[in-house]
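Pasting the structures in now, so scroll down.
In the two complexes that follow, chain A is the common piece, with chain B as its partner first and chain C second.
The block that comes next holds the complex of A and B.
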């Protein structure tokens, strides 16, 4: 109410809370209408003063000339000053409201156990799709997973001596991963809005971010053990599991067969294709596969054959073969 | 703030030349500094050369603290004192970044630009993340200072890379160990300075990613 004029500042100094109590905002600058009303009133009063001053000065011209001009100039400056103050106050209030990084604070309030649980759960598809599944609206885990994916991509590019002609390695990796996370989240959110699915933007970001966990595992393993059939197995199993989980959660929150089909089909296609793209685009590929897939088209960036250190790679490959045989 | 016990006099006194001329000639014409000593009653110039604090103190470079912080980083099991990070000290981190770039140079990789760029962006990212995760905020200088100090083990890695190649299995194990050491120390200092118990792993992981990028520069 009107008694709590200092309430806004108290909230800011309170520290931990990210919630801004709107009703405690300082009333004098809360509404621009009131401000303009104040300004208008003041300007009217100043105009009246000016008018009186003018009427008086018209009788005494000579001696008062400079004084009159000085008075008008001073009034003009005061008015300009007032407008500047009001504008500045408005801008700083708007800035502290919208650019406040504290808005994101609740999404980073997690514990290691929670993060670990959510990581493991992201690989387990839920069975119950008739009941809306809970999605944790948390941004720490997804952000770390995107950065991990960037690091894995960089590592893969460095080990395979990929040369990016237009741009830098770091820029490409960051652009790809963040672009996928933010872009596909927004796109699916838009589709969800069209298909009447119950999901918010933060939940979508969180869901897709945790879905990248499967991508991280797959790429980490297959960038180091160069086995094509191994990659396909990982792509189907690991990628498939994380996609199934995301799809199941979305299905549980959508009504109607057509809508479910559109939403989940799009998400599944994009997610699986992204993993395929990451593997083939940023890693040394056996020459034969390249030729069959791309034919006469030049790849966008050049691959340089690298000297594989004979010992370590052979050891890894034989180990993988032995493991595959025993399975 | 006192510099080593010296105080700047509030009254920048200007001693009128007559006072000097009134002193009797004592035959010490070849020791002009004696006339400047503040033994006589108000003869105290505002900025005497001898009364200025030492240069290092004025710059805020305190070698003892730098050494303390370095030891805290180098002993991963030593308990960190939260108060040592109260003063932002960027001299030590600057020296460590230059040393890192220099050891890379010795291995034939001229990548000072990468080092500075990655450390700037990494510090910015950690600053945003720590501000979001901690109850009390943290200043950018503090984050830059801690991350810079914990770069020290990475210098050991790049020194090793001058002589031996890090692209074998031993290199991978050594790199992983050094990254773990750096991020463990950094997270230990952050936790004690910001009082975020139970979240050491959550702070250590982004640090590990950052130092992993540095290690990538060293290895390749």
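The block that comes next holds the complex of A and C.
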């Protein structure tokens, strides 16, 4: 009826978007943009068939007395069809309301060259802090960097045999990285709001996300080459550069000395401390085990990948020594 | 025939015959009678479709069979078998370092959803379930790698076995990534292929990492 057509119109207005398209279940080109015409046509066909189905159902109810199995089957099919159409329409309306990913589309509109440029720029502090620096409100790069950090963290946790008692390795890694990115961004955005800085949430997310590039590099190198001094150098240089860049951009967008100090001090502290935390939280278990088992004979920074034979050899040696002493 | 125009039938004479209602522009009845066929036919048909897609993954040429008739049976079977094989790595309750079944499951599906959303946001022309289907099916080489790793680990767990496992996993990881790229990258605008390939690379890298670091207790 008319109500059906009204619902159809509503769906079309929200339907010109790249929602998760349950409509086009079995076609090759899944983009809803191109399929607008096709969807329109299909909805029309469905409406026509529904109308015909209703008419047919009325006729069939009369003809039921003849008791043909085919008729009852057909009636069942019509009813099932109608229920499917109604259900599908309701589901797609719900989807187009909640799963409309078009609002995120502009933040992913980026070329690979731009991503590379921004990655390199995130390590170069700007000099001009009296003029508000431009921040690209893009989310692809930051999101990929967070996932890369998760992968690197997993690798680090595994090579240092971190024991996670509550929860899982993967959950911890994802929770840490995403928690830092989203949590610290929100906190700094809140501080920026208090300090009257000119920055939006997306820009803050983007800035902090690109600042994780330094963390990725540092951790990638130091999880594989285990020298404490090397880590400290990387922490200061690489971590410091990316922090300086973020701080410089924020300073260029804030007015007033106290505000600048609060904002940038907080961000610098959190960023550098996070890198420190990532390095040490997943290495201290290794140090603990090594110190108790091998004693002062091994130089302190010979951290090898946890091979069972090495440990058991040490245990064997100590046991043998103990046994020899008692004999 | 003018005389037949006013023929009237009295109401107590029963009328016999068949009334069938034409159902508009629908395709013939065969499409809807799959409900009446024996269960074995349905299962065999689905199994054949899944098997055909496995073959397409192992030899990734440009074909639209994987994309056109997407289904999620294959990915489900692969995901469950991979998660089961990764299960035995942490029998000791104190050292809970191995991935649990639910973890692997969630990683694979969550990762596939994220990659699909990413490729759609970057302007891809492939639909949501088609992309899920492709990503799920391309886990097949890594499942094979897991099988091989478990067999190699049965033989021993020294350096040689590690090197063998490393080579096998790296080879299968490359195969998976190439296979899924062959299907997915074509649906992107040409200058943005790298942006779509990177998350796929990361996704299969994490799965390969889980396979490589698996040590049975």
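One rule holds for everything that comes next: the second predicted complex is superposed on the first by the 186 of 327 C-alpha atoms of A that agree within 3 Å, B and C clash if a C-alpha of one lies under 4 Å from a C-alpha of the other, contacts with A are read in each partner's own complex, and residues count from 1 in each chain.
Going forward, a residue touches a chain if its C-beta (ideal position, glycine included) is under 8 Å from a C-beta of that chain, and two chains touch if they have at least 3 such contacts.
No experiment lies behind these values; they were computed from the predicted model shown.
Looking at the shared chain after the overlay, A:272 reaches neither chain B nor chain C. Within the superposed three-chain model, A:77 lies in touch with chain C and out of touch with chain B [touch as defined at top].
By the touch criterion defined above, A:110 reaches both chain B and chain C. With both complexes placed on chain A, chain A has more residues touched by C than by the other of chain B and chain C.
By the touch criterion defined above, A:101 reaches both chain B and chain C.
Contacts of A:171 after superposition: chain C is touched, whereas chain B is not reached. When the shared chain is aligned, chain B and chain C each come close enough to touch A:147. In the superposition on chain A, the residues of chain A contacted by chain B and by chain C overlap at 101, 104-105, 108-112, 115, 140, 144, 147-148, 151, 154-155, 158.
The residues of chain A lying in touch with chain B in their complex are 15-16, 101, 104-105, 108-112, 115, 140, 144, 147-148, 151, 154-155, 158-159, 309, 311-312.
Considering their complex, residues 18, 20-21, 24-31, 34, 45, 48-49, 52-53, 56, 59-60, 63, 66, 68, 70-71, 74, 77, 101, 104-105, 107-112, 115, 140, 143-144, 147-148, 150-151, 154-155, 158, 161-165, 168-171, 308 of chain A touch chain C.
Taken in their complex, chain B has these residues touching chain A: 128-129, 131-133, 135-136, 167-169, 198-199, 201-202, 205-206, 209, 212-213, 216, 220. On the chain C side of its complex with chain A, the touching residues are 18-21, 23-26, 32, 64, 67-69, 94-97, 99-100, 103, 107, 114, 117-118, 120-130, 157, 191-192, 194-195, 198-199, 202, 205-206, 209, 213.
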